[in-house]
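Below is a structure I'd like to ask you about.
Read from first to last, the chains carry the letters A, B, C and D; within each, the first residue is number 1.
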Amino acid sequence: MEIIVPIRQVPDVALNIRVNEGKVVEDGVSFVISSWDETAIEGALQMTEELGGEVTLLGIGPERVSEALRKGLAMGAHKAIHVLYEEGQTDSFGYAKIMAKVMEGRNYDLILTGKQAQDTDAGLTASMLAEFLDLPQVTNIIRFSDLAVDGMTLYRKGDHGTEVIGIKLPAVVTVNDSLNEPRLASMRGIMMAKKKPMETLSPSDLGMGAEELGLQGSMTEVLKFEKPESRKEGERFEGDETETVPMAIQKLVSEAKLAV
Amino acid sequence: MTERMWNNHEMRSSYDVVIIGGGAHGLATAYYLAKNHGITNIAVIEQKFIGYGGSGRNTAILRSNYRTEEGILFYDQSLKLYEDLAQELDYNLMFSQQGHFTLGHSTASMQALTTRAAYNRALGVNSTILDPPEIKKMLPEIDISNHPRYPIMGALYHPPGGIIRHDAVVWSYARGADQRGVHIHQLTEVQDILVENGEVRGVKTNRGTIHCKQVVSCVAGWSSEICKMVGIKLPLVTHPLQALVTTDYKPWLHHVVVSSTLHIYLSQTDRGELVCGNGIDHYPHYGMRSTLGFLESYAAHLLELFPILHNVTVQRQWAGLCDMTPDYSPIISMVDDVDGFYINCGWGTWGFKGSPASGWNTAQMVAERKTPDMIAAFRHDRYVKNRLVGEKAAASVGN
Amino acid sequence: MPKVLVVAETKNGELKKPTLELLSLAKSMNLQAESVLIGKEVSSQADLLAGYGSGKVYVADDAGLEIYNTSKYTTLVADAVGQSGATQVWLTSSETGRDLTPRVAARMGVGALSDVTELEIDGDNITATRPCMATKLVQQCRFTKDGLRVISIRAGAYEAEEASPQTADTVSLSIPEGDARVEVRDIQVEESNEIELNEASIVVSVGRGTGGTEGCDFVKPLAGEMGAAFGASRAVCDAGWMPHKHQVGQTGTVVSPDFYFAFGISGAIQHLAGMSGSKVIVAINKDAEAPIFKVADYGIVGDLFKAVPVFQEEVAKIKN
Amino acid sequence: MSFQLNCPNCGKRAVSEFSFKCEYMERPEADADFKEWGDYIFLRENKKGTQTEWWFHRSGCQSWFLVERDTTNNTDHKSFWYKDLKQKK
């Protein structure tokens, strides 16, 4: 099975993120693979370990994205495509268009990726890509079974329960982080990653002109980022539960107007 | 509720001694000032939290097999203090004197190692040269064949060397100092050092001004910035140093192994993780970020030494700051022009092993207002007087 | 003249609250609104949509639409957009909305803004505010090209006003075949008759501190007694202590109730991102250093097994 | 994270191609005294913030050039030739 895993390199959201004049401050930020995409890499590796085939990573962005791709290769992915692209103001629509171009003429059975990227938290790109490629989509899967080269059964976390969906390949599938626990890179994996093929493309290699890139190729734009008013720690109650709980509830009712 | 290891105190408006930096060196200085000299009206001020800097980021390797007489005696005192520290501080420091290998991969490095062994033995420090079959006996998984790019030609073996739990050292010094009345103030940032007529008057912090007659700077990588406040320029360049820890692995490595040619050192903790360190990054930087390049080169070099480790996985990597001196020896020094100001820095990649002796001698220097013989060679202005203490040949890895 | 098409969502044949929030929002902004109603045995809900201000209601009522199906729903929404001449499509940011929003947008050849918490509308010029970076930041966005605006709006971002049903002007949509490459076989429903997480005004959630299924079951009755939805952290769901449908967080349901009670939840970043929109947060945890206390308005440092019975007593007192 | 350094001759290259040499300082006059030369050889500003420094394109064109770089992050540095430093002043 040939699987393409689009991954996104994002600021590590576990650390402090700063904003200056409406923009995210990149200095001092450490960049990581978006955690849902790591889950997708792990899922793809498990599939190819069972059925054979290769996992190809796809990253779009500046030079630093090659580090994210190499980390994915160190986990065990077989090769990578890096679209070297410095255009900051690109929305999900624009990225999906670039990805659709990358897919042109390529051989793949499955496009597997995270349900959303950890920086935008938008969750739009994969489904848009599916539409542009006229492929079926299943988003937010928490399990897969009945793996075969032409299809599989997917378990999607829906609003009213787990939807069980049979799908014929090729298709676009996005993963929930409950799917698996991504593996860590081994020493050998880290070393071998340097020797794995990395194809570097520019948008012009893909036949894309300025009108399809950046803000011009996007449908939406971010005007500014802001730090939301952060929640402050409120009142703390320490001591015996038979005293602290009634005290807290009394305050909840009188101050916060709790009604049950 | 867990027992607090040290207490929070209101900041007093004056102390006898203010120590800047709450790492192993600052806390050890405070501890020995209180214990050995009865000076307890001390504040240790730390911009982040205890052990945030190099003390919490090093690979906790201890040894005393240095190259110069000054270095060997100093680190030997440090190692001996470490040997009794767990008992003295009533804290399990998990000190394991498992023996320390420095591998040689060339004739030149074997010559340097042989010289070191001779110097060490002359000063009573246990060091010997081992040949490859002897190394193989103690490290069965090591590759001593001539296949690697840098075949192993021998090693300097130093039986008293070993590893310790670095956090425990920091915490126990903090607790020991706290119990003797020292105040530890975390999240306190120094903004200026007040000097009048060539004498220290106090320290201005983000939490107010503290009056004092003696200030000790123990801030390692940030020393140039602190010393600028009293008009002293140091021979330091701050570089990051990266390290990593693997996931648990069967108990397998029972010694510390260092290869300066391959730029690596590693040891195994009691939990089974391999703690691995590298040389410093090749350009100065004040950021503590880890890089993929480090991971890649480390993996390649590690597998040259120990092919068996190919499946071991990396759990975490991090970086710390190193204040590198030109001669790879520390600076522990009074300052002629500023009475009451003491510098403790230049710990580069060799600081953690030196912290007990560093604290011991710094405390003595502060208490007696004169430089102890043990550290007479480590003055800050030795460079411009051409009195270097060359320890570059004894650094763990060729930086 | 802007015109909004609201994609209605139902559960067990009844409209869900977030859909009503969207119609109330359109009404408060004096926008002309229509809606599209898709499902099995849902036609009866058209009148309530009309009562909430929906002009025409485009209805697709078919047994084959019982379980969500991307391909069929996309075709139906696109059909309704075409017939209504809507200039905006509003969806909720439920799992259905998250799946459908980008597909509908791409089908119509336009972009989308998802998971919006604040909308400013001037004709079809829209400025939207939405959380990002695990809610560490918010971003203000807008559409840059002409054409249809596709937006999904977070549940609870706006209030639903009270309204009673009115006779609806319905238009039946023809039922599409759907994509033959996808077969939606079944839905595994774990429980019913429980309050939906994203509709509740009170949520009681449990974390790893409960120690297991038994611990979770120990807390659960309290949710019933308080009229609250029952939530859980990812750790609890992945360990199989509670079904996944209870999961609160960026990966599960994002909630913003009036009151959020966290029992034995330490507060991993993705959990905090999924509940920090709550108006009041109450945390009960043994570990005084747990990150959840940093966001809690009321933090009780203590044992949840001792605290829950006291909670139950106090709640009973309030009720009487 | 590593970064790309801008060589005034070759353009942006991976920083691993270059050697950091030293922070830039005015060289003392040839007849300066021992102390002045000692200070020049050993003492450093070691600045936390923007400093001017010498770099060498080791695996490239072998040029020596100056870089103005913020030592707390490596983004937005400026590279230029020594002669342009003179012009700046």
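By our rule, a residue touches a chain if its C-beta (ideal position, glycine included) is under 8 Å from a C-beta of that chain, and two chains touch if they have at least 3 such contacts.
Because the structure is a prediction, the values reported are computed rather than measured.
Peer 1: Count the C-beta contact pairs for A-D and for A-C, then tell me which is higher.
Peer 2: A-C
Peer 1: Measure off the straight-line distance from the CA centroid of chain A to the CA centroid of chain D, and report it in whole Å.
Peer 2: Between these chains, centre-to-centre, one finds 39 Å.
Peer 1: Using Cα averages as centroids, what's the distance between chain A and chain C in whole Å?
Peer 2: Each chain's C-alpha centroid was found; their separation is 21 Å.
Peer 1: As a quick test, compute the distance in whole Å between the mean CA positions of chain B and chain C.
Peer 2: Here chain B and chain C have centroids separated by 54 Å.
Peer 1: Go ahead and note the Å separation of the Cα centroids belonging to chain B and chain D.
Peer 2: 29
Peer 1: List, in ascending order, every residue of chain D touching at least 2 other chains.
Peer 2: Correct list: 1-2, 72-73.
Peer 1: So which bits of chain C are touching at least two other chains?
Peer 2: Counting only residues that touch two or more other chains, chain C contributes 288.
Peer 1: What residues in chain B touch two or more of the other chains?
Peer 2: Chain B, residues with two or more chain partners: 287, 289, 292.
Peer 1: Draw the chains as points, connect those that touch, then say whether the picture is a line, ring, star, complete or other.
Peer 2: other
Peer 1: So in the complex, which bits of chain C are touching chain A?
Peer 2: The touching residues are 9, 11, 67-68, 70-71, 74, 94-96, 98-99, 101-103, 105-107, 110-115, 127, 130-145, 147, 179-190, 202, 225-227, 234, 237-238, 244-245, 247, 250-252, 259, 269-270, 273, 276, 279-282, 288, 293-303, 306-307, 310-311, 314-315, 318-319.
Peer 1: Which residues, counting only chain A, touch chain D once they are in their complex?
Peer 2: Those in contact with chain D are residues 26-28, 30-31, 63-64, 67.
Peer 1: So in the complex, which bits of chain A are touching chain B?
Peer 2: The contact residues of chain A facing chain B are 28, 30, 67, 70-71, 74, 183-188, 190-191, 193-194.
Peer 1: Touching chain A in the complex: which residues of chain B?
Peer 2: Checking each residue of chain B against chain A gives 246-247, 287, 289-290, 292, 295-296, 299-300, 302-303, 309-315.
Peer 1: Help me check something: in the complex, which residues belonging to chain D touch chain B?
Peer 2: 1-2, 15-16, 18-20, 23, 35, 38-39, 41-48, 71-74
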